[in-house]
């Protein structure tokens, strides 16, 4: 693991150093676990008490942090700066070499841009187009006529069905599925007859898609994920859903068919959205929200059915008061001689 | 993309045409987005107002729809007819050719029916039996002694463990897993000792299984999915579960071990069922139901714990009235001089 | 299928036989479905009435079970003993042969212990280390410098990203993913900038991981799963989570980043945990718990937000009484002449 002096680090991060520029750090670590040679950070005020007691050699902090028993690197966004520092201290494994591995299966009619890498066992079907420098890891699958922009990275086992489109710099994690059939049937009197799912999926630039996340192709037209949106693992996006740009969805969220969610949405884990809803821009949803109707953007929602967060908190307060309320009513009844004090 | 005249289309769909039979449509589109050359449909009355304003060339409608500023194709089931029309306008990619791709690995003892297609990287283990015309896409896996009926389609990355059985015309989407071990352990005083999962999975004819859905093999006997049942993505079916025929399960549902659900069940997304339950035929469950006990069929259930839908709606009404109820009791207390109007 | 005499079986299981030692059983079956030649068991008292009516040839029961119309094999733990018996009656398919299949892709720099089996289509990248007798099934993926202990079994389509570590006897089911990037971004004013996920995943000995379960690598340090812990299908474990030893998690649970859960936890299906929590040892959680704060161990929790189970039951009782409470208050108002009996 490489080590780096605090002087070099401060200059890389544009940080103000409070401490000895010649000291070296080797490893990133949490404030509580860090020891000599470790670099830590403080972004969440919840952990501020740990700063005073840390054994880290240096800590990246925000502008308002107090002094501490270690060197400090002051920046505006400690989270972001620590991310850069981790990249310096723990460089990722080298990218796989450009070229098609002899154990890959690439149809001769597929078009591969310069610098593309295709790993062992990966499969690229007829008519697919792979943008320059895109990496298809081992065992990735790209279906017929599917198109990927430049600098994408498709991890092992990810499946891109035929005729879907990915923009530039899209990352698709292992065993994610893009372009599976939308879930649509019509009862014909005897059986659920399949409704053809003839549309596509369009993924914008700079989207990241988590492991085992599934995004269905549209019935017609396109299921769409806006540029810069980040989807965690095990998320389900149904046919004809449209997500705006720069959304962040935590794991295990489900979005039902044809729902549109505006840009900048923040969605907590295990939330679910009914079909055919319209959600405005910059809406935030707590974990486990069950969203059953269209909602304006710019607000924070919670609960099931989802409502503005402060209303959910209020309902929880009312629920908590329920035992006392029943007690009060029983006491009233006893006092008024209306019976034995049971409620009826 | 092929185009088709409204006359031809009406005859294909058995529809009554109100408009010019020589007009041509090229693309399916939603009522709101459609323009000249587009074919749309109206099945959900919620969208009826869009019909008056549509710019589509033609719209498929039900018997009772009013006239509109475009040609109309009247049928009994617009959903179903539109599905057929989409199939005509957007033919799917050609099926892969019959035969075993040179990059597939098929054990010599496996039996492949006539017309079977095995894609690059697919693996078929010893003793497996693949019915005629079944398609194993690239990177699909069929374990030892597993048997598939005719005309199945197994998408990339789907895994069929050893010794499971699929009927005819079963479709298994990408990265679904059938036949993984049931989840069973018994604490032996020191550790969770594994209980062997020696049973199988039996999938009936015409079942469709979504991407990343997992169906565990039975402890003994069989986990079973009834004919014609449709499972969306990311559904979990535990060991020894039995689903009846013609069920429809939306995404991310979980069914715990040994639960039996009757035929024709409709289950909303993210619902969950406890183990060892018996659910009657034709039960319907709203999204996010948490079903904790056995329930008779033929009814609509909601909530957690799941109850008849109208009771859940009633509970929501009572909850909504709770703040006013507390206000009323406080006012009573003030009026009766019982204190300061707080509840205790 | 092999058959076995009750005498042999009793001696294998250390059971006390009540019945004819020469009788033979061939198949395991449930009490209700069993017929002649079948072996069944009674562990859950719920099924005790089925014992009196069973047609099984023999049943494995606990010490206190009454006599029955069949032979009985008495043991202390019928569940465990039946598991052993199933293993005898239904031996699993033979393990794949040791050695590297010609269709596997193993980097020359990977180190394979003696007796390792690598199936067709499996990929092992540079610098990986595979412990002795470990089985990599077809289409399994092991990334650069990842290390597996002895006697592991990695099922088809499972993906082990680079630089993760598995102990001995770890089983990873099909299409599970270990070591995908943790989900971390920081808004830089224009976009969600990716925070490097430079840590690893450490899986202890004797862990079993279900199909399509995903375990993210740490931001730095390690995401950890304690020895003997069992994870069902479709579970999501976020970066830097730490699970203690001997936990049992049912399907579709999600654990958010940096949460620590003590040893021996039992977690019901579809539960979720917020990030940065501390949960003590031997906590139990009902299905669908939503855990939003740190909780001491040794207790049973339910509901959302999760609370001690008895409090959740109490809340459900209060909710059930709510309609009657409203009725009572309305009656009081009418009696006191405070209006029309509506609540306000």
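Order of writing sets the labels: A, B and C. Residues in every chain begin at 1.
Basically, a contact is a pair of C-beta atoms (placed from the backbone, for glycine too) under 8 Å apart; a residue touches a chain by one contact, two chains touch by 3 or more.
This is a predicted model, so every value here is computed, not measured.
> Could you classify the chain A-chain C contact as same or different, where same means more than half of all interface residue numbers appear on both copies?
Since fewer than half of the residue numbers are used by both chains, the interface counts as different.
> Superimpose the Cα trace of chain A on the Cα trace of chain B, which carries the same sequence, then give the rotation angle to the nearest 5°.
120
> Using mean C-alpha positions as chain centres, tell me how far chain A is from chain C in Å, no decimals.
That gives a centre separation of 25 Å.
> When you check chain C against every other chain, which residues touch at least two of them?
121, 139, 157, 175, 212, 234, 252, 270, 319, 322, 325, 329, 332, 336
> Residue numbers of chain C touching chain A in their complex, please.
So the residues of chain C touching chain A come out as 105, 121, 123, 125, 139, 141, 143-145, 157, 159, 161-163, 175, 177, 180-181, 183-186, 188, 191-196, 198, 212, 214, 216, 219-221, 234, 236, 238, 252, 254, 256, 270, 272, 274, 276, 290, 304-305, 314-315, 318-319, 321-322, 324-325, 327-329, 332, 335-336.
> Under the stated contact criterion, what part of chain B meets chain A in this complex?
So the residues of chain B touching chain A come out as 27-30, 33, 44, 46, 77, 79-80, 82-83, 86-87, 89-90, 92-93, 101, 103, 119-121, 138-139, 155-157, 173-175, 206, 208, 210-212, 228, 230, 232-234, 246, 248, 250-252, 269-270, 287-288, 316, 319, 322-323, 325-326, 329, 332-333, 336, 338, 343-344.
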